[in-house]
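Below are structures written as structure tokens.
What follows is a pair of complexes built around subunit A, which joins subunit B in one and subunit C in the other.
Presenting the complex of A and B:
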């Protein structure tokens, strides 16, 4: 019995070493993402495109909604695009509308304020950092794209997006997709501009290089200080977004989240993810020591 | 062992049949199935299972409250976020016995490992119902890697840990099947599996909390904390310990005839011991939660409505059960410890539901209407719980979990 016990111990020990080796391998594998995260490189694509929406110009005509619908071949809306009654309640992008315009009776403004909502095409998108199958890509051109062919529908991207942008096809039983604005990536690649920007009759949406847009926005604030609040929404929020907003009333009044960190949200998980390799290397050692220390006791006990 | 003697004389299929009906003739076995409890289960299943079918015919929208603002409903809030900490039983028991060498807890190891395995298995079942394309569930492991994602980590760990736990439990299955040789190998890898299990659990228990680090604007500031991963980890330890107390209590009550003397006889003493360990965990957890508030300087928030709810969670569902457990341990009363354990478990479930559902998007208009689950979803959850219990009981009835198989004296 004793002999047999020893033999068993031997084998157990050897197995333990093997696991430790495996774990170290795992750490190496998991170490990569943490390293990749540690140095987010934004400098690679200095000419990324963006959009500037000037909410003081927007008249709530919903032409952009209709242009978006046509450009993306989306199903006809429940309420026609020239119908004003949609403003009676707040809407959000859905599986059949990449963008929506909402109306606000804002304090300090005689006229109603209209706000266009869509994916903001973040500089460091939370949706992309959150997706376990990397269904999102921040393209060199600027738009953040979603790939339905790898998505398995966990909806963590929706939990992580601070702007409530991605919608989900809850009605579809077997092939649901996440749906969101693509900033008309195809058109941009072909040298065109996004449908909404092209259709706006009052020029409330400007398409261009993000850094140029920031200049334009700051310039407008400087020239018309009475017209705008002093903030370009999207310049810093959640690490900055491709979509920028100018407004005449404080942004929180228009349901823009005002509690977001300035740095990319993915930074919050960086510490955690980089602790992973540590656990993978330290734990086997510590537990192994404990086991070795108690091993004799165990055999006797 | 009765099984054995009958089995030897019979053919192979009959032997298997005998295993399944626990050696009873089929008619007798069937008659034994008609009990009030089983009837209630059957009723719930007859409503819930078709509803699960409906989800695959008409989409999630017809059965859950999940929406564009609230992507995760109680299917995950309960099935994954509450289910996984309650399944920490496997790693806490295996660590205590195999790593720290507390041999006297041996009679509870198999129960702990089985509870953990079943818990993870069912967490995956909830997931399969919830995710859009369940047949792609292996994608993070084989098709497209998203290593910046905490969920990627969770996916890897839950799947590997599920395998690890199955291996940890396999000796019991192999004993039941009389597969002596295979069993010998299964026993040999126990320690390796235990260590692998502890690493994996440490990481994914905390990773479940880390998932919410990506939602700083959405989770109420009293619940959002840089410490969430630590909170989730520490609470999983005492959740696991209390769950072992709870499950062994129920099993010793309703499946007495399937347990042996070493299990029943030592249970009270072991319960108090587990309670003691849980106390330590709860104390650390309670202190950390308070430090959490201090760290982010959120004292002012405590006087709001949500602050009240926070205090309910932390005082009534962490501090009070901690005190009950302490009292039970001091007096050496297994009865009081059991009360404390059930109370603490309710607290763990409450915390997880708070973070994943109740306090998520707390600032959206119409929040509380939006999170009420429809009756259909409640029935789906109930029927999965029923299945969970039935399968658990099925295994306890047959395999040597609450008892040692006399044919394997050197066993667990």
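Presenting the complex of A and C:
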């Protein structure tokens, strides 16, 4: 109960900060509305990759976490990957763990439900829209990538992300760095599949083209209606995400935000931001003219 | 008094169970299970990744009595929901008849590839298929607990266990 209240407060604050962040971004790039940063039209990339996590299959073995750690050369974890006490609290991805698995005691499920958390690689990422220096790119292959060379550490992306995915590397104060899952972009380009999907012993994570994954997901719901809730999370949420989910219990029970708009979050600020360049260029000119006109009058008077 | 009744009930159930197992396993019993029994494997040694984990000894015979139906694991027809006959069978009348008539159980690896294939991204790999088949039941009956156990606690012997033998 309390938690839900907190979440609401958090969202309100987030909304405010998001607008502030986007305004700053827009101001930094006059004439470049922020929506241009987020590639709104993806029809030219029909083969973009996605992932499908079937939460009814996951058994919480954390092999994906271990494989992710190895594939990305991350530091060894504080507690080993077969340590189950980590499930006692809900974790978020960090600079040294791009993905984490959390455990939920869900109503209507005899067994605990495990949820893998990582960047969802949105179709129109709000992190990319919020970033003042274009550190984020939605790639034609599907993953949303981050470029640490241009990042200056403002962390607007962390505020903008509705899934709390980007994490900040506090270890390196002089080299600010936001870190998150890359969907193993390098592996995908080399013809391979992301480490987590390749390592999952029960095949709970499926890699493929997003449009095919949607078909697979809908087909599973059709064939096993008793097993799944009738929703593919990520199909429409926040304008659609590259990472899709199937679940046997309602998604809000697993802390999936259920208050996200169906259109991309970027859309909320589009109108406002497209006016920013106008305000910053036309208004000074207009007001300047007024001032000049008034000044002349005063001098004459 | 109550205790006695419980004991009696347990005895009856045990006898019935034994009888049903005997009926299923017995050579004279009718039905497809019995027909296949002649060729049915006893203990299978699954050792495809023996360099990482020592082979898993799978008691097939023991599971036949418990699973209820072959299709619980050998899901060729997927409970009647398989997309098409040609999905698994060669659409060649001769081969089809042979497959069906011999009650041929196709090896998992015929459909489940050893690694991910772009053509059928949704097809579970061989590893996933095996793990799902075991975990699905064992998680429900609680014999391995509801939380995940280490690989070596469930089915795979750890290297140390194997060396100790």
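Following the convention adopted for this analysis, the second predicted complex is superposed on the first by the 242 of 301 C-alpha atoms of A that agree within 3 Å, B and C clash if a C-alpha of one lies under 4 Å from a C-alpha of the other, contacts with A are read in each partner's own complex, and residues count from 1 in each chain.
We take it that a contact is a pair of C-beta atoms (placed from the backbone, for glycine too) under 8 Å apart; a residue touches a chain by one contact, two chains touch by 3 or more.
The model shown is predicted, which means the values in this text are computed figures rather than measured ones.
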| request: Would you check which partner chain A:209 touches, where first means subunit B only, second means subunit C only, and both and neither mean what they say? | output: second
| task | Would you sort A:168 into first (subunit B), second (subunit C), both or neither based on which partner it touches? | result | first
| request: Determine, under the contact definition given at the top, whether A:61 touches first (subunit B), second (subunit C), both, or neither. | output: second
| query | Which partner does A:201 contact after superposing on A: first (subunit B), second (subunit C), both, neither? | reply | second
| In the superposed arrangement, which partner chain does A:112 touch: subunit B (first), subunit C (second), both, or neither? | second
| query | Of subunit B and subunit C, which one touches more residues of subunit A? | reply | B
| request: Answer with first, second, both or neither: which of subunit B and subunit C does A:254 touch in the superposed model? | output: neither
| field | Contacts of A:82 with subunit B and subunit C, given as first, second, both or neither | value | second
| message | List the residues on subunit A that touch subunit C in their complex, please. | response | 52, 57, 59-62, 82, 84, 87, 103, 110-112, 193, 197-198, 200-203, 206-209, 212-213, 216, 219, 223
| field | Touch list for subunit B against partner subunit A, complex | value | 55-61, 66-69, 71-72, 95, 98-101, 103, 131-134, 136-137, 139-140, 143-155, 187-192, 195-196, 198-199, 202-203, 206-207, 210-211, 213-218, 226, 229, 360, 365
| field | Touching residues on subunit A, where the partner in the complex is subunit B | value | 8, 11-12, 15-16, 18-20, 22-23, 30, 32-33, 36-37, 90, 92-94, 126, 128-135, 150-156, 158-160, 162, 164, 166-177, 257, 259-261, 265-266, 268-269, 271-273, 276, 279-280, 283-284, 287-288, 290-291, 294-295, 297-298, 301
| request: Within their complex, state which residues of subunit C touch subunit A. | output: 81, 115-116, 118, 121-122, 124-125, 127-129, 131-132, 135, 139-140, 146-148, 150-151
